[in-house]
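Think of it as A, B, C, D, E and F in the order they're written, each chain with its own count starting at 1.
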Amino acid sequence: MRPTTVVGGALTAILALLALPAAALAQDAPMLESVVSELNVTWVLVATVLVFFMQAGFAFLEIGFSRGKNAGMGIAKILVNFSIASIVWWAVGFGIAFGGDGVIAGSSGWLFQFGRDVAGEGASGETASFFIFQFMFAAVSLAIVWGTTLERMKFAAYIPFAIVFSAVIYPLIAHWGFGGGLFAEFGDGVQDFAGSTVVHLTGATGALAAVLLLGPRKGKFGSDGKPRAIPGHNMPLFGLGVLILWLGWFGFNGGSTLGTAGNSFAEVIAVTNLGAAGGVIGAMIMGAMKQKTLDIGMVGNGAIAGLVAITAPSGYVEFWAAPIIGLVAGLLVVVCVLAFEKKLDDPVGALSAHGVAGIWGTLSCGLFASPRLVESVGVGKAGLVYGGGLGQLAAQAAAVVVAFTVVFTLSYTTLWIIKATIGLRVSDEEEDAGLDISEHGMYGYPEQFIPSAELVGYGGGPTATIPPAPVTAMSSQEMSV
Amino acid sequence: MKMVIAYVRHEAFEPIRTELLTLGFPSLSISEVKGSGRQKGITERYRGAELTNYLRPKVKIECVVASKDLMTIVDTILKHGRTGAVGDGKVFVMPVEEAYRIRTGESGEETLQAHPDAASAAAG
Amino acid sequence: MRPTTVVGGALTAILALLALPAAALAQDAPMLESVVSELNVTWVLVATVLVFFMQAGFAFLEIGFSRGKNAGMGIAKILVNFSIASIVWWAVGFGIAFGGDGVIAGSSGWLFQFGRDVAGEGASGETASFFIFQFMFAAVSLAIVWGTTLERMKFAAYIPFAIVFSAVIYPLIAHWGFGGGLFAEFGDGVQDFAGSTVVHLTGATGALAAVLLLGPRKGKFGSDGKPRAIPGHNMPLFGLGVLILWLGWFGFNGGSTLGTAGNSFAEVIAVTNLGAAGGVIGAMIMGAMKQKTLDIGMVGNGAIAGLVAITAPSGYVEFWAAPIIGLVAGLLVVVCVLAFEKKLDDPVGALSAHGVAGIWGTLSCGLFASPRLVESVGVGKAGLVYGGGLGQLAAQAAAVVVAFTVVFTLSYTTLWIIKATIGLRVSDEEEDAGLDISEHGMYGYPEQFIPSAELVGYGGGPTATIPPAPVTAMSSQEMSV
Amino acid sequence: MRPTTVVGGALTAILALLALPAAALAQDAPMLESVVSELNVTWVLVATVLVFFMQAGFAFLEIGFSRGKNAGMGIAKILVNFSIASIVWWAVGFGIAFGGDGVIAGSSGWLFQFGRDVAGEGASGETASFFIFQFMFAAVSLAIVWGTTLERMKFAAYIPFAIVFSAVIYPLIAHWGFGGGLFAEFGDGVQDFAGSTVVHLTGATGALAAVLLLGPRKGKFGSDGKPRAIPGHNMPLFGLGVLILWLGWFGFNGGSTLGTAGNSFAEVIAVTNLGAAGGVIGAMIMGAMKQKTLDIGMVGNGAIAGLVAITAPSGYVEFWAAPIIGLVAGLLVVVCVLAFEKKLDDPVGALSAHGVAGIWGTLSCGLFASPRLVESVGVGKAGLVYGGGLGQLAAQAAAVVVAFTVVFTLSYTTLWIIKATIGLRVSDEEEDAGLDISEHGMYGYPEQFIPSAELVGYGGGPTATIPPAPVTAMSSQEMSV
Amino acid sequence: MKMVIAYVRHEAFEPIRTELLTLGFPSLSISEVKGSGRQKGITERYRGAELTNYLRPKVKIECVVASKDLMTIVDTILKHGRTGAVGDGKVFVMPVEEAYRIRTGESGEETLQAHPDAASAAAG
Amino acid sequence: MKMVIAYVRHEAFEPIRTELLTLGFPSLSISEVKGSGRQKGITERYRGAELTNYLRPKVKIECVVASKDLMTIVDTILKHGRTGAVGDGKVFVMPVEEAYRIRTGESGEETLQAHPDAASAAAG
């Protein structure tokens, strides 16, 4: 409560103000239940904020892997798409994903308003926290889609896809995986704690549809059909993106407990970190074997792959399994990037790091899910190594296949329609000039593209503004003559 | 044919370019150079150590013209390049033996600058 | 408690240590009140940390919008000003803002010390959290002031203004708006939940005073009086700034609940995100209409404007109003940037994004404040759309006018005195050379300003250190000859 | 709990889900103790996430202070070393540091598993949070070591040192300072709240060993033996690093309360901010006196030095002492950077900012520790200014000497062995070419190192792909001819 | 001896370099220039103001050869540099009076390009 | 008048500049070029694909002097530029027909370098 109306004496007044919530509760007989609820919401909102920051992570991962002439667009793209998704999720997506009922989709919660569709006052803040937390997941999934589209997609084409994806495509899968829909029917339920399939495979599948319809960047494949290197312009900014994503993932997985009960989120966070570490080490090893050097981008992709893979199992596996799951993801991501590179132009490795690692992570639950945690979460069965049988693995595989098929069909169709109407791709000339100048009318790094003589010219002609002795020494110094 | 090579201040370039365009000489090339002459350097201080930068940035203009047009170019540069302060730069004239327009393969003086109505087109 | 003194057996020792706080409380009969208080403080401190990070947001927004020759100063400026404000707020500002009593100013709390002016031990940590949380708001307001001063203001001139602003100017307005002072007298109190007026308009008003006294950058206006583009050097870093600000704003608005009571902070955060999204979309639409391209900087300004506008109403409005408030802010910011650009040189758009949007946000409470939330917060009346009448709108407008007048007068006077004594502006030659080299004796990007031949020269002459075959192949490769 | 299995009607279903934790607790008779524990863990995990982000802070501080040809390596280095340390800490380090018992080292907790070595189920989440929080400290200490090794150390040499450091060197000191080991025997115990000695001095001591064995970068010292400037390439990225570190430090010091009991973490955070501010101001003053300009890097070093110095006393001193402790650290860091610069090549100032400031911070407890806080924490005696005598100062000094000696010996030996086997330093040619291309086979900023004609060449030859009128106007514009 | 100075499109450089190498002329230097000619500029729009960029990036090739080899170089550049569109660039020929190889201090035409078996070595 | 054009290693520039200054020739301009010659390239590996960089960075020095001073300049460059390894670079001498000092408009040889006491001033 903002203490605008209370005027007290000296600092004691402030203390009184600060004591108000407690006092108020004391009057209303502070219930332990409300504290429990507020603590859960506190954690969920901290996690929400962390997951929000992943948008910056994706933006900088993409910017770092783009050429300088396309660097500014990464900013406009993330801001606009995230904003459109915010509104669409509020209007439609949240209802489909979590508007209760139905194997296929929810059916209420449109234009979500506080206290409208809900029973009691006390629960409303919780719903609001759930609404915004789950939105951040939708936004992550959408951001993953763009990974394959760098440096050649029309800005105008992003917008309709963002609308469809956050209104329908992602909410459907979220309903199935998180909202009690379809995947709950597979065996004893599909284990996807924070969304290796729901969020990451969904995003990567959209990205696959996009790359198939877009085709490679100019010059990606030589006349001999072999892939050529198109180096991203800024490894430090790429690394910033990876580190921000790693940070955000603590909220992504850790927040998926939806509260603090039993302190299980502590385990989830520790397991997440071990998975990511395994991914880096896996990519380092495979990179050294395959490429003979320690490719900076591959190591970063390894971190992402480890994080994506540990996402589904993060609430289901013991510590010992996490480095293994991550390591395999790291090995896989390098092999897949090198393999996909031969035919598909995926500048950031989204197909490998989110797609393949997402599949592996989902399946790994069927191998490593521990009885203790399966019981605690209450979904599915223990994994193979605990003698849980092949049933869970089958349920996990079914979810992968269903999610992939549905998302691919819907995304491909949507993008095909966009291609047929407004078009997906900028012209060759615009691609050569770069999207910053051709789509945004400005450079991301103007001083690197505009001759400095022309920039300075804008400072006024020399006769007018330059004083008699224009460049003087800035501090004590020797003369060169 | 002559190549005029001039090292000028950055601020001087835009007026030179504009006037040359008006006079019918749109074609030239520039690049960034660092020059040393009478002008003072700048000292950067960094964590207790110093690094003196004796060279100052200049724009180098290269413009190939027919010999008869030489002085038009030189005079335009001299006119706009002058502030009267140390560091205004130099103009050099060098002989050119042949010139080719890549687009057409033509050679000779007529390839050097744009078509005669260049100036009027630019103004429009 | 740092467990330095306890030695136990195996890991159980650690567990015992960790159980200590609970155990200690158990001995002292753990009171629900203390948990409630600690939970409130936890949230306020999380918010504090998020708002702190907004300093990085402002720094990078400014750096991105500066030319490369002035990029390093952004770092020195933010570190020094934030530090000075930290000390001054502790010594003086907090007392004026929140030192109790008085319509005009507080009168205690100087050199704020723990447990000195306060009644009980238990409350002291709460006061400390309030002290540091509120400081971060002062620091945000100060950072906004600098937005118009880029690329030409003397470093030495920042310091006295930072002192006066954080000792007196901001604390006065904070006292009026947040500390129970003047604005509580306007009608039923002015609704400014997190400070559209108190923080943002205050900062933008200081920025207006600064730009009037400083004048435009060299070359900003052509000889025909028309504005010329002086493109900022780095759109990715600008975007980083915007994304960090958006992140921080979840703490800025969300933390202004000063606790978790009733989970209202969840609503505030959701509303904040919808407002920001509306701002981006508004700026995109108006930008496309006015400029025919999607200007990257304008989209970022739209995000900031949406966030500024939703700041005052974030605790007072329902979800549906948030996108509208943001959208209007986004439309406004583009119109205002283009209009102000004609006469004032405001490189980051602070006057529009913080000033105009701050006014709009403050007024929007009078339109959209919902009865439910007005009752819950306990300040003012419901807005026009709920039939609340014009009274609240008038109170809001009064606050805007008073805050603007007072801040402008004090800031202008302070800066005028600085101008008359040490001077506000660097010399023309220093402006040409850039503030990094002229004010800090070093470049922000040395490799872009120092010829590499001179940098390399510092590595020693060739005869001394270069081996016979100096540049060898780094890996297997073909020879060019 | 991920609500995959519950299907309800409309949004009420979601609410039911969200109410589940509370409901579950209600059934099990929700105990206040479990809420207290969960709140503690929530804060510790928030702090964990903040401390994690310090990795990005160190990476960008180092990248900013490196030349562009070595900028990419900073990313690979931080990802790989952090990952290796994650696994090693889990396998070995945590056991040595906190595996109970023993003056010298712990003896259990290897391959740390949930609920294995621990008594009750309830405590396990707490242990997991402690495990991951303490790991982040180990990772910070390791990151500090690298500060002196920039731009010349072999990538392969980092890995064995990271293993030894996170398995043995850091865990030993952590055991002594935080785990109830050796330092608890010194007087009434050594006061090192968050690790000025344990974390920062330990890291800086490793850094000293490294710089002695590595020697300076080529060209650092002229033929006259005088140091030469080798300017880091990017002050904005350096500043980003500093700001992220400052942010993370709120978790570093604030989280070292290991919980929210008594709201003491609020005080710690406020004190931390005042210390950092003092550091900036100290460095600004001394920088202006010694160098006549406001060196951007020095101001940033001042912030770090203030933060390092306030780390040990942050739980022991009153507000008034914090700016003093920070100020002294800021003055010291400039003097020391300039002094060390004469003989040692420490590109980021790690020896001064973490080493000297770490020593000063540890000693400052002996001067300023307040009786109130000493009692509350329960370690050591009050400081000199409170009449606490010289005893505590002696204990603090003893810890500094012991930590320095042991860490130096172990680090020097480890690095010596690495030097003798795989070698520490790249060849002169590789150093000239830069570590990015020579160690990673790629540039951090390819467009700044590869001629654009060669990059474009990879886009295909002109006859094949360039259309008849290749570069057209992007928007309405005048012709230049 | 002649110095061939050519301003060409970026895309043209790699084919030119490759063919010159094959023909036994590996030695040349390039730099980034910005050129003005018939080609149009690009307008950047920034916060309501405009900034037109009249100069377009080109690669400048400098290659010193023995007079007898001059036309081989010129023809190779003309061949690969041509797209037929405005902006293809120019080739100029300038006289060179002397040449020195720094490594050995030798002077004269034999210093200009690599040893005769250069092309075959490169191919290997 | 002659223009000396030299392509040298970066490390060689500072000693050359310093000695020329001492000898009374402070005026020159430099720029960054990428050169191809006998020197090997560098291969960048990026996500499984390769990109070979055949050109290596060099500094290009341009210095216009009176014909009588030509060999002083050339010898200074040869002396400091030599490491004996492939990649040391070349020096070319080109004729210059006229020179102008922009600041004053004067022309002729006396505009080329600074006043005679340049060296002593610099040393002071």
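Odds and ends about this structure:
We adopt the following convention: contacts are C-beta pairs under 8 Å (C-beta built on N, C-alpha and C of every residue); 3 or more make two chains touch, one makes a residue touch a chain.
The structure displayed is predicted, hence computed values, not measured ones.
Common neighbours of subunit A and subunit E, listed by label, are B, C, D, F. One simple way to say how far apart two chains are is to compare their mean CA positions; for subunit B and subunit F this gives 19 Å.
Chain geometry summary: the mean Cα position of subunit A and that of subunit F are 52 Å apart.
If each chain is reduced to the centroid of its CA atoms, subunit A and subunit D end up 26 Å from each other. In subunit C, the residues that touch at least two other chains are 32, 35, 37, 39, 42, 46, 126, 228-231, 234, 240, 291-293, 295, 297, 433, 437, 441-443, 446, 450-451, 453-455, 458-460, 465, 470-472, 474-475, 478-481.
Within subunit E, the positions touching two or more other chains are listed as 21, 26, 30-32, 34, 36-38, 42-46, 51, 54-55, 81, 83-87, 94-95, 114, 118.
Because contacts link each chain to all the remaining chains, their graph is best described as complete. Within the complex, the subunit F residues that touch subunit E are 2, 5-8, 31-38, 54-55, 58, 60, 74, 77-78, 81-95. Residue ranges of subunit A in contact with subunit C, taken from their complex: 1-15, 17-19, 21-22, 24-26, 30, 32, 34-35, 37-39, 41-42, 44-46, 48-49, 52-53, 55-56, 59-60, 63, 71-76, 78-80, 82-84, 86-87, 90, 111-115, 122, 124-126, 128-129, 131-132, 135, 155, 234, 237, 240, 292-293, 436, 439-447, 450, 455, 458-460, 464-465, 467, 470-472, 474-475. Note for the complex: subunit D touches subunit B at residues 226-231, 290-293, 295, 297-298, 337-338, 341, 349, 478-481.
Put simply, subunit F touches subunit A in their complex at residues 21, 26, 44-51, 114, 118, 121-122.
Contact residues of subunit A toward subunit E in the complex are 433, 437, 441-443, 446, 449-451, 453-455, 458.
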